[in-house]
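Here come two complexes built around chain A, the first alongside chain B, the second alongside chain C.
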Partner chain A sequence: MDLDSPSLSSSGLESRADRREFLKRLAVLAGSSALIAELPWWSPLRVAPVAEAAADRVRLGLVGVGTRGNLHISHLLNTPGVEIAALCDDYDPHLQAGLARVKGAKGFSDFRRMLEMPDLDGVLIATPLHQHARMCLDAFSADKHVFCEKSLAYTIEECQAIADAHRGSKRVFQIGHQRMFSPAFLQALELVRNGAIGQITQIRAYWHRNGNWRNPVPDPSLERRLNWRLYREYSCGLMTELASHHMQVANWFLGAHPVACTGYGSINYWKDGREVYDNVNLIYRYANGTHAIYDSLISNKFYGMEVQVMGPKGTIEAEAGRLYAETPPPAPGIVQLINSLEHGFFDTVPIGGPSWVPDLKRDAKGTAITHEKSTDDGTAISLAAFANAIRLGVPIEGMMEQACRSGVSVLMGQAAMEQQREIAWPEGFRI
Partner chain B sequence: MEIPVPRPSEPAKVFHHSCFAMNTRFSLVLVGLEAEQARALAQTAERHLLACERLMSRFDAVSPVSDLNRRAADEKVTPPDALWEILTLCQGYWRQTRGAFDITLWPLTRCWREHLQRAEEPTDETIQRTLLQTGFHRLYLDEAARTVRFQSKGMSIDLGGFGKGYALESVAVQLRAAGVERAFLSFGESSITVLGSHPHGPAWPVGVGNLFSPQDAVHTFQLRDASLSTSGTAPFNAAGGPRAFGQIIDPRSGRPIEGYRTMSVASPGGMEAEVLSTALLITPAEQRAELLSDFSAVSGVEIVYDSNAGEFVPRIEWKYGS
Partner chain C sequence: MNEIVIPMRRIVQELQIFAGCVLAALLVNVYSILRFNTGWMELLTTLHITLALACVFFALVALIRCVAFWGRLALRRKAG
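What follows is the complex of A and B.
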């Protein structure tokens, strides 16, 4: 029940035929990227989507039919070769609403009963954070493929237990960090690796909203259950539900996990009985001396959300998909002049022409970096990758590493704020 | 001139730096200097350009120019010394060009831009009314008190092109003072200043690019310790239409130049090149020689683009000097 998703109609890919065409284009993109070795989770997408034959269909069960779960249903209904065979939720109104959307799906209130269902290939876990680990471990025990929503788990020990349980398994594991499947982020990474901004010297990310982050509850007795992310017993609030996305990006782009973290958090505005911070401010240190600075608050939305990857040659704003060069590229005439000077030639510099004006007047330096136009933030693609990986019977490489790095990073941040001291990466953590 | 000369025994040391300034791109190419010295000079130049921008920008709400535009119709304004100096220079050029160069035309520019965006032309009445908000004769510089006063509401100065010439000329002065003998400076590609000559020739050959095919030079200037400015390049309505209007406005008629036309002027000074490329474009051809009699070592070329079966073909319409 992740409530941070966009509205259900925002995928922009409304029909299965559209989705099929989109996935075909992606297969080409995935196959052509020079970075494919660094993005092993894209490799299932190199296989074009299958035909609709029943035998080819992947049968999935979804647990947690809240906002995020419903978004997954919308995507899965449009994903070629996928059947939603079962839905599970212990809150009956959500379960019934889900069953009304998915014709023929079996309903469960107990996750373990769903796991006993024959011919179920895999499960998607979109439940409150504190249930992730138990459900992942149960699903692995039942020999199912697993797609688990972010953040990975409620404690570092649980993250370790999931990684241990999956090690050596032939089952697919995937984490719901959709930026790993966003063409915009792929192109941003490509620019970074091609040296467009030089060495990464800092990453700055923020996620700002203005609202109480609450869901209406039909009865006060349901408050903690439906607003679980406001209570420490179930969630780490802004860290696990929002920051985990950007920490995944930071770790991915830096190719490392942070070695230490420090920061402060508090409840300074929404003093309504919630137990998780309404503002968090953190600094993560990486072994090579790079720092990631993260902050989030829900009492001001002016700056919105962004991941800024900075280097001596430029800045990439990955969410906006823009590159801001520190210096403009020289005009072709100047390039020609430099070339002729360096090679000892004497020829005309064709330059006295139209005055050069940047793309945008006020904010002169930005250029768009995204080529693949899509309103999907990567969620639709990530589900297609999950289904393809199951069909191929091959685990998605690198996925557990991404899940553990971001999952542990945000828990380090939570601990740093709660204990008001520097927290080191857990020694001996094994992915 | 495209004669390759033999490779020198040692390739020339070439340093290049480009940066954003004054709403466009500045490029500096230095030849024969040690990298460290070149870098330091480029840094100084960039700092100077940004200072010029802070002084003259219309887009920066706290610049002295914005302050002047906001207040000078209501009260006497004392601008900083640097801006005062620029305004007196502009007044001198306004007189010298018989009013053809005028920094007070912004209300007309804005009026035409807004109308053309709606695909219409302002009426004669609108133009006449807007003309009353323009004209350097309505900009009163009190020499004794060093104050500025606009004598009409709605007046607004725009130092866009002139500012670039001013900035280029002052950077050139700094480079010469530092002992630099060869350099190529470009501001948005429409304003060029060179120091000395190309290391393999008697001058820097700089081509005026075809508007529709920038790599092809329509005319080549041989520049030596000189500046080149091109005006009238980017039309208001670049998307096309039966009538193309240039960005340059005739202060007498209040109308922009029509058709695709450019004026390129080479001159010993950057400011002068900037002033003359604008002034000559709106001065009738038969009066240009007289205007230029006040200036020395100036050359100029006007290029007109004729529409021929959907293609624009450049033609040299007017030429002056070497």
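What follows is the complex of A and C.
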């Protein structure tokens, strides 16, 4: 299957009808792809979306109607066969704004009350990190399917508890790592599998922003509640909120979890009372000797964000969707001839030049691995997969493994920085 | 205003010269494929470069013809 087919381009997902058509095409393509057949979380997408009959509809409850929760509402309103039956948030302005967008949804301020709705099929958890574990466990206890935003949990013990609760359960669990559903990342993975860069020898990822990472707060008493990402009591900051995405990709592409991690973090610029680092630098070691190097800062955005998958034959920049071959194919003969004539005419003859050439970055443009710029980063597809999995009643294999590997990886990183020592993968961790 | 009439004979002559330039550019392409050991498919894939090169050759030939024309004109004036 051509993963770069226009059929897989998600441009035009603006309406429910567009998305229905898109998912129909996706079902056909997903059924014929050898690569996708290896990715169990794509299996629900082999089934085309059902009709809009009430009996076929998947009824979901969303907890956490903040920035991410609102994005989920936008996607779910356009996802065929899905009904947002309930919204829950303990911050009333967010809840009311959400209810104004979703007509007919019930509003809750207590998550456990929402779980008591008998006709609710599943829940989407888009709350601050420290609440993920309790809500996942409560939802499993209430026999609901769970879509949990990344990162999985606030502590390694909580990750283990979620994995234990899900093991043997027939409930669908999905983690909000949308790159698992991104056509650009699938294309990158296919290139890796086809040997385009050779063996992966290093993965380098970074996420740089320039801003204080704060939400506006209407009243100082709400500071910790609305800017929870900045406080250690609720979050691990850049690690759990950003790094978890790229660590998921690194673990996925390497097909393993890191065995150890070391690194440093500090608050060197935004000294405004926050408790989480504003810059982090980490090295993850894998069993085969490969390293994943990650850094993030919020005081410079020149390099933006990227995941660079490197091998002896080339580099893939998955976010930009480009492949840079180490030895690019030679230019056509006629171009080489013109270039050589040009050099013969215009080049100066070196008499005493440098005896070495500096290893500066090559000014290579590379080749695009996807032809069309997608309007979706995989979130729309991932929500459709979740809804289809619930409808089919089949748990998504491999999803908890991805969630735990990335969730534990970033918590290892946080511990390594805080304790200033190497942290090993937790012995005995069972997925 | 004078009406300029280009006779058919002249048009055919110019087309023949341009065809010669295209042929020369193709031969250069063949030479570069052999010299740099690239693929024969380039005869098609680099056709745009070949045509551009043909235009350059045509311009060079036109320049040479102009110089020759002015030279002949100067000699004729000197003799006459």
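To be clear about the criterion, the second predicted complex is superposed on the first by the 378 of 431 C-alpha atoms of A that agree within 3 Å, B and C clash if a C-alpha of one lies under 4 Å from a C-alpha of the other, contacts with A are read in each partner's own complex, and residues count from 1 in each chain.
In this text, a residue touches a chain if its C-beta (ideal position, glycine included) is under 8 Å from a C-beta of that chain, and two chains touch if they have at least 3 such contacts.
If you're wondering where the values come from, they're calculated on a predicted model, not measured in any experiment.
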| item | value |
| --- | --- |
| Which partner, chain B or chain C, touches more chain A residues | B |
| Partner chain in contact with A:332 - chain B first, chain C second, else both or neither | both |
| First, second, both or neither for A:349, with chain B first and chain C second | first |
| First, second, both or neither for A:302, with chain B first and chain C second | neither |
| Which superposed partner A:341 touches (first chain B, second chain C, both, neither) | first |
| Touching both chain C and chain B, counted on chain A across the two superposed complexes | 330, 332-334, 337 |
| Chain A residues within the chain B interface of the complex | 327-334, 337-338, 341-358, 361-362, 364-365 |
| Chain B residues within the chain A interface of the complex | 1-8, 11-12, 14, 16-20, 23-25, 27, 29, 31, 59, 184, 186, 188-192, 198-201, 204-211, 214-217, 220-221, 228, 230, 233-234, 264 |
| Touching residues (chain side chain C, partner chain A) in the complex | 28-29, 31-38, 42, 45-46, 49-50, 53 |
| In the complex, chain A residues that touch chain C | 330, 332-337 |
